[in-house]
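Next come the structures, one after another.
Below are two complexes that have subunit A in common, paired first with subunit B and then with subunit C.
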Partner chain A sequence: MLKTWRKYGALYLMMIPVICYFLVYGYYPLARGLQISFQDYRLIGNRPYIGFDNYGTVWHDPNFWKSLTNTLVIGGGSLVCGFLAPLIIALSLNEVLKSWFKKTAQMLLYVPHLLSWVVVGGMWIYLLSPDTGLVNLLLQRTLDIPPVHFLAESGWARVVMILVATWKDMGYNCILFLAGIVAINPSLYEAARLDGATRWQQVRYVTLPQIQSTMKVVLLLNTLGLLRIFDQVFILRNNSTAPDVDVLMYYTYQKGILDFHVGVAAAASVLVLIFTLLLTLIVRKLTRFDEV
Partner chain B sequence: MGIERFERAGWGSRVFDAINLLFLLLLMLTMIIPFLNVISLSLSSGVASMQPDIILLPKDFSFEGYKIIWTSLDIWRPFVNSVTVTVTGTLLHVLLSSLAGYVLVHPHVPGKKLMITFILITMMIPQEAVLIPLYVVNKDLHLINTLSVLVLSGLVSGFSILLMRNFFLSIPYEIAESAKIDGAGEFWVFGAIYMRLATAGLATVTLFEFVRRWNMFTEPLVFINDSMKYTLQLALKSMIVDTSATSSTYMVTTNVKMAGIIIAILPLIAIYPFVQRFFMKGILLGASKE
Partner chain C sequence: MNFNIPFKNSSRLSHLAESPVPVHGRQKPKASSRITLLVSLLTLGSMLLSACGSSANQSSGSNSFPANASNANGTASASNGETSSAQAADTKLRILSSNVGGKTPEEMKRFEEEIKRLTGIEVTIEKPASDYDQKVLTALGSGEKYDLIEGSDLGKLNMFIDQGVTTDLTDFVQGSKELSDPTVVPTEEWDQLKGKDGHIYAVFSKFQGGTMPIVRKDWLDKLHLQEPKTLDDYYNVLKAFAERDPDGNGKKDTYGLSTSGLYDIQGFMSAAGLKYRYVMKDGKRTIPYASDAAIPMYEWFAKLTKEGILDPNFVTNDTAKMRNLFLTDRVGMITYWDAWVGMLNNTRQEEDPNTSFQAEAVAGAEGPDGKIMLRRGDPDYWMVPANAEHVEAAEKFLEFWHSEPGIILGSLGIEGEDYTKDNGTYTLTETGKEHGMDHGVPFWYNENVKAPFDKLPGVQAAQDLVKQYATLELSLPEWSDAEKIVTNYALKAMSGSMPAADAVKQMQKELKAANLIDE
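Showing the complex of A and B:
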C-alpha cells in the first residue's frame, strides 16, 4: 500500500482536481436533480418529498407535450437536412479536381459553425426582416414577392429554424463526410472504371456504400443533439411564434428559471434525460451501430 | 486519377462538371453575401443602414456604429468579462485535462480502469439535462452572479482528457521511464517532456475550448443576471435581439447592431488560420471517439 503510494502518489495527486470537479459538477447535480424532482422545492424552509407529483404536473401539462412535438419536428427536420445537405456537398466537392477550390469552399462553409447562436441568430433576424432585410429585398426586386414575415409567421418559423441550423452546421459534417470519402481505397474506383462504370455509378456503387460507417457516426452525433436544442430557439423565438417553436429545453428553462418551479423543471429534465437515452438506443439499433 | 478522368471526359461529363461547379459557387454565395452584408452595414452611417437597400459595400462609410456600441452602449465591459472568463477558463481547462490525460498514459497505475469508466460516464450526461440542478448547486455554493461560475462550468471535460491522452500516447513511453530512472519526478516529466512534445494536442484542445467558451450562452443566461457581469454574448442578445430592452434614449440603429456582431466574430476570425491547422484533426478524432 505504502509502496504503491510512493510510486504512484504524484499521479493520484494529478487526478484529484479532475475527480473532485466531476463529483461536484457531474455526478452530484445528476443525483440532486433526481432528488429535487421528487421534492416540493422552495428557496427557504423545508422541502418535503411529494412523490411523483412533479412528474404528474409535467405529464398533464399540454405545454410539455407541445414542446415535445416542437422538438421532434424542428429536431427531426434539422436531423434530416443536417445529414443530407453536407452529404450532397461532400459528394459534389469530391468531384471537383482543383484542390484550391475544394479547400476554399470547405474553409468558407465551416465558418458559421465557429460562431455563436447569438451571432448567427442576430444576423439572420436582420437578414430575414420584412422591411430592410436582404432576403426580402432580393425576393421583392427579382420576383416581385411582397415582404414575408419569416420569423413572425407560424408557418415559416419552424422552417426557418431548420434551414438556419442546417446553414450553420453543414460545413462541420461536410468535413466528416469528406474525410470518409478520402479514406476510400482508390483501387475500388479503378476496378469500377475498368468495368465501365459512369461517374454516377461510381458514386452510387463505390462511394456511398464505402462511407456507411461515417454516415452512422454523423447520424448518431446529430441524434444526440436533437433534444438539446436551446440557444437557437431562445434567440430566434418571439411571442408570436412561441407555440410552434418552444422546445423541451425551453420548457425546462421557463419552468425552472423564469417561473421558479424548480421541482417541476427537475422532473421535466429527468424525462428529457430518459427520452435521450431511448432515442440513442433506438438509433443505435436502427443503424446497427455496434456492428460497424 | 485526375488525368484519367479528363481523358475520359465526354460532353456529358463536362456539362456535369459545369453544373456541379455552379452549385458549389451558389452555395458559397449563401455564405459570402450575408457576411458581406453585415460587414458593410456595420461600416455604414446610421441613417444609411436603416434604409431598405441591398447593401454589399459600405454606404456613407463611417465607424459610427463601432464608436456607439463601444463607448455609449459600454460594450467594452461585457467584452472584458468575456475575455477574462475565456482566457482563465481555457488555461485551467487545458492544464487540468492534460494532467488527467497524462495520468491515463501510464500502463500500470492501479485503478486506471476505474478512472476511465468514471470519466466516460460523465461524457454521457447531457449538460442540458442537468441545467436546473446545476443552478441549484451553484446557488448553494453562492456562485450565482459571479464570473467564477462561468470559469467553473466545463472546467474539465472527458472529451479533452481523452484527446490529450491520445496525443500523449504518441510520445514513446521509454522517454518518461528513462527520465524517471534518472530521478525525475512525475511533475517534471509531465511539464518538461509531455507538455513540450504534445504542442499539437495542446493547440487543438486550447482552440476547441477557446471557441466553446467565447460562444458560451446558456450558462451565462442561467447563472448571471447582474448586467455588470454580462458576457459579450449576453449583452449582444439584449442589444440585438430584444431591441426594446435597450436604453430608451438610444434608438439602436442597424449599423450599431451589426458592429456588435462583428466585434463578437473578430476574435474567432483571428484564430481561424490556426483552427484550420489543428481543428480538422481534432474533429475527426472526436467523432471517432463516440
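Showing the complex of A and C:
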C-alpha cells in the first residue's frame, strides 16, 4: 500500500481535482435531486418531506406519459436512423478510392456536429419554411407539390425531428465507424479476395463483423442519450406541434423552470434516470456488450 | 425587450475542507507534511484571493462619490457621516434585473455609481445576458440573497407569493409618502400586484402598455383605404395588402397580416367579444378562446391562410421575425406592443430620413356590442425576496425609482454619458440616442414627472388606445397547462390543418378531462 502510494502518489494527487469535480458537479446534484424529489420544495422556507407524492403526481400526469411516448418515438427513430445512416455512409466512403473526395465528404458530414442546436434549428426552420424555404421550393418546382409546413403539421413534426437529428450527428458516428474500418487487418480482405469474395461479400463477411465492437459502442452511447433529448426539441418545437414532440426533458424543464414545481421536476428526472438505466441494461444484454 | 449584456457576477471563493489522510510507517511524516503543505498552500491562496476580493470591495465602497442623497423631490435621503455600522450595512443593495441598468458592463458600473451618487446606496446590479427566469429560479433555490428582483409575469408573481418568496410590502407602500400618492401610481393599479390575501407583494418598475394591431398607414393611404373598424374592414384591408402590390415592386410578395403564434390576436378576437386566458363566469373557470363563439374567428383566420393573406410562417415565427417582416415591407399589419410603434418608425427613419414608412396603431375589431378588447401587458415589477438582507435600502430604492431622479435615470440614463442638462434643458448625447431613452423605464406612472423629450412617432396614439380599450388578463396557476391545449388546437384551426369546429371541440374535451375549465 505504502509502496504503491510512494510510486504513484503524484498520480493520485492529480486525480483529486477530477474526483472533486465529479463529486461536486456529478454526484452531489444527483443526491440533491433525489432528496428534492421527496420534498414539497419551496424556493424559500420550509421544505417538508412528503414521501412519494411527487412521484405520484408524475405517475398520474398524462402529459408525462405522452412525453415518454414522444421521447421513445423521436429518440428511437433517431437511434435507428442515427445508427444506420452513418454506417452506410462509412461503408460507402470506404469504397471510394479518391482520398480527396473521401476527406471532403467526411469534413462536410462532420461540420453540422460542430454547430449548436440554436444554429442548426434556426437554419432548418428557414429551410423548411413554406414560402421561402429551399425544401418547399424544390418540392414545388420539381414535383409540383404544394407547400408543406413541415414544422407546424403534427404528421411531419416527429419525422423532421428524427431526420434533422440524424443529419446533425451523422458525421461524428461516421468517423467512429471509419476508424473501426481502418483498423481492420488488410490480410483478411486479401484472404477473402483469394476465396473469390465480391466487394459486397467482403463488406458482409469481413468489414461488418470486424467493426461489430465499434457498432456496439456507438449503439450503447446513443442509447444513453435517448431519453435526454432536449436542445433540439426546445429550438424546433412550437405550440402547434407541442403534443407530438414535447419530450421527457422538456416536461422536466417545464415543471421545474417554468412552473416552479421543483419537487415534481426532480421526481420526473429520477424516473428518467431509472428508465435510462433499464434501457441501457436491455441494450447491453441484447447486444451482448460484455463480449466486446 | 432584452439587451444582450454579458452577465456580471461576483465571484466567490470556497474553502476546501479536507479530512486528515491516515498514513502509516516511516514515510508518515514526509507524506503528511507534503499533504499539509499542499493544503496550506491552497488555503493560503484562497485566503489571499479572498482578501484581495474584500479589499477591492472595500475600495469600491469608499469611492469618491459623496454619500449624499437628496434628489429633486427630496425623497431618497442619504447616509451622512454619522451613519452607524448597522445603518452602513443597510445602504447596500444587491439587485437581479432583466431590463434595468446600463447597456454594457462598463455602463452598468457607471449606472451603479450614479445610483450611489443620487441615493447613497451602494448598489450591485446583476443583469443576466439570457435565460433570466432560470437565473431567478436557480438563485432563489440555491439560497442566494438578493434585495430586489425584477419580474414581468403576474402568473410567476403569484407562484412566488404561494412559495413564500416575496415580502409583504403593503405597509411599506401604504406608509410611503411617495408610493401611496395616486399621482405617482394610480391607486387602482396596485390591484395588479396583490396576492389572494389582498396584500401588495411587489412595486412597479415602469408603466407597461398593451398590444394591438399595428398597420402600415402609408400603405393604407397609397391604396386609398380607411382604417379598419369591423372584422370585414380588416379582411378587406389585409386582402388589399396581399394582392394590390402596396410596396409597388410589381411582385405579389406581400402578406396582409403576420403574427407570432397565438401571441396577441386579441385585437381580432375582440370582434367576437372573446378575451384571452381565463374569464370567471359565475365563479366558474371559462376560457373564451375555447368556446363555441371562437369557431367563426378561427375560420376567419383559416380563410386568411387559405387565400395567402396571413403569413404562413405565423406558427413558427418569433416576435423578431414578425417585426422584421413588417420593417422590410413584406407585411402590412402585425400585432405587437404600443411602444414598438415608435421604435418601428424610428428604425426606418434612421435608415432613411425620407422614408414613407409609417406605422400606426389601430384599435381592434369592434365586437357585436361595439366594444373593443385589447390586451394590457403584465407589468414589470420589483419584488423584495423573503431572504433579502437590506430591506430598508430596497424600500428606499423603490421610492427613489418612482421619483424624478429615478425616472430620469431609468429612462434617459446617466447624466454626462447619456444626456447633458443645461438650465433645465436636456440634450441627448450620441450614446444616449443609441440607448433609445430606455434603461428600464421607457414609460412611467408618475404624472408629476414630465418627459424631457417627445415620445417616438406613433407611441402616444397607441398608448391612448391601450388606456381606452385594454384590460388585464386573468392568469390562474393552471393557465400554463391550459395554454398548451388552447394554442395547439387554435393554431391548427387558424392554419387550416383542422376544421375550426373540430379543433374547438377537441380543445374543450381535453381541457375538461384535465380539469382545467369548469364550463
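By definition in this document, the second predicted complex is superposed on the first by the 268 of 292 C-alpha atoms of A that agree within 3 Å, B and C clash if a C-alpha of one lies under 4 Å from a C-alpha of the other, contacts with A are read in each partner's own complex, and residues count from 1 in each chain.
Just so it is clear, contacts are C-beta pairs under 8 Å (C-beta built on N, C-alpha and C of every residue); 3 or more make two chains touch, one makes a residue touch a chain.
Computed from a predicted model, the values in this text were never measured in an experiment.
Following the overlay on subunit A, a clash is recorded for the pair subunit B and subunit C. Shared-chain residue A:131: touches subunit B and subunit C both.
Of the two partner chains placed around the shared chain by superposition, subunit C is the only one that A:42 touches, whereas subunit B remains out of contact.
In the superposed model, A:149 lies in contact with subunit C only, and not with subunit B.
In the superposition on chain A, A:14 contacts subunit B only, with no contact to subunit C. Once chain A of one complex is fitted onto chain A of the other, the partner contacts of A:176 are limited to subunit B, with no touch recorded for subunit C. Within the superposed three-chain model, A:203 lies out of touch with both subunit B and subunit C [touch as defined at top].
When the shared chain is aligned, subunit B comes close enough to touch A:89, but subunit C does not. Of the two partners subunit B and subunit C, more residues of subunit A are touched by B. In the superposed pair of complexes, A:272 makes contact with subunit B only, with no contact to subunit C. Using the contact criterion defined above for the overlaid structures, shared-chain residue A:112 touches subunit B, although it does not reach subunit C.
Stretch 135-143 is the one among 27-35, 135-143, 423-431 or 477-485 where subunit C clashes with subunit B after the superposition on chain A. Common to the subunit B and subunit C interfaces on subunit A are residues 41, 125, 131, 256-257, 262. Every residue of subunit C that touches subunit A in the complex is listed here, in rising order: 16, 23-25, 27, 31, 38, 133-134, 137, 140-141, 156, 159-160, 163-165, 261-262, 311-313, 315-316, 385-387, 480-481, 484, 487-488, 491-492, 495, 497, 514. Across the complex, subunit B meets subunit A through its residues 1-2, 4-6, 8, 13, 16-17, 20-21, 23-24, 27-28, 30-35, 37-38, 41, 50-54, 96-97, 99-100, 102-103, 106, 109-110, 115, 118-119, 121-122, 125-126, 128-137, 152-153, 155-156, 161, 185-187, 190, 211, 214-218, 221-222, 233, 236-237, 240-241, 254, 257-258, 260-261, 264-265, 268, 272, 275-276, 280, 283-284, 287-288, 290.
On the subunit A side of its complex with subunit B, the touching residues are 4, 8, 10-12, 14-15, 17-19, 21-22, 24-30, 32-33, 36, 41, 89, 92-93, 95-97, 101, 104-105, 107-109, 111-112, 114-119, 121-127, 131-132, 134, 137-138, 141, 167, 172, 175-176, 179, 186, 189, 193, 199, 217-218, 220-221, 224, 227-228, 230-231, 234-235, 249, 252-253, 256-257, 262, 265-266, 269-270, 272-273, 276.
Listing the residues of subunit A that touch subunit C in their complex gives 2, 5-6, 9, 13, 20, 41-45, 62-63, 125, 129-131, 147, 149, 151-154, 238-240, 242-243, 254, 256-260, 262.
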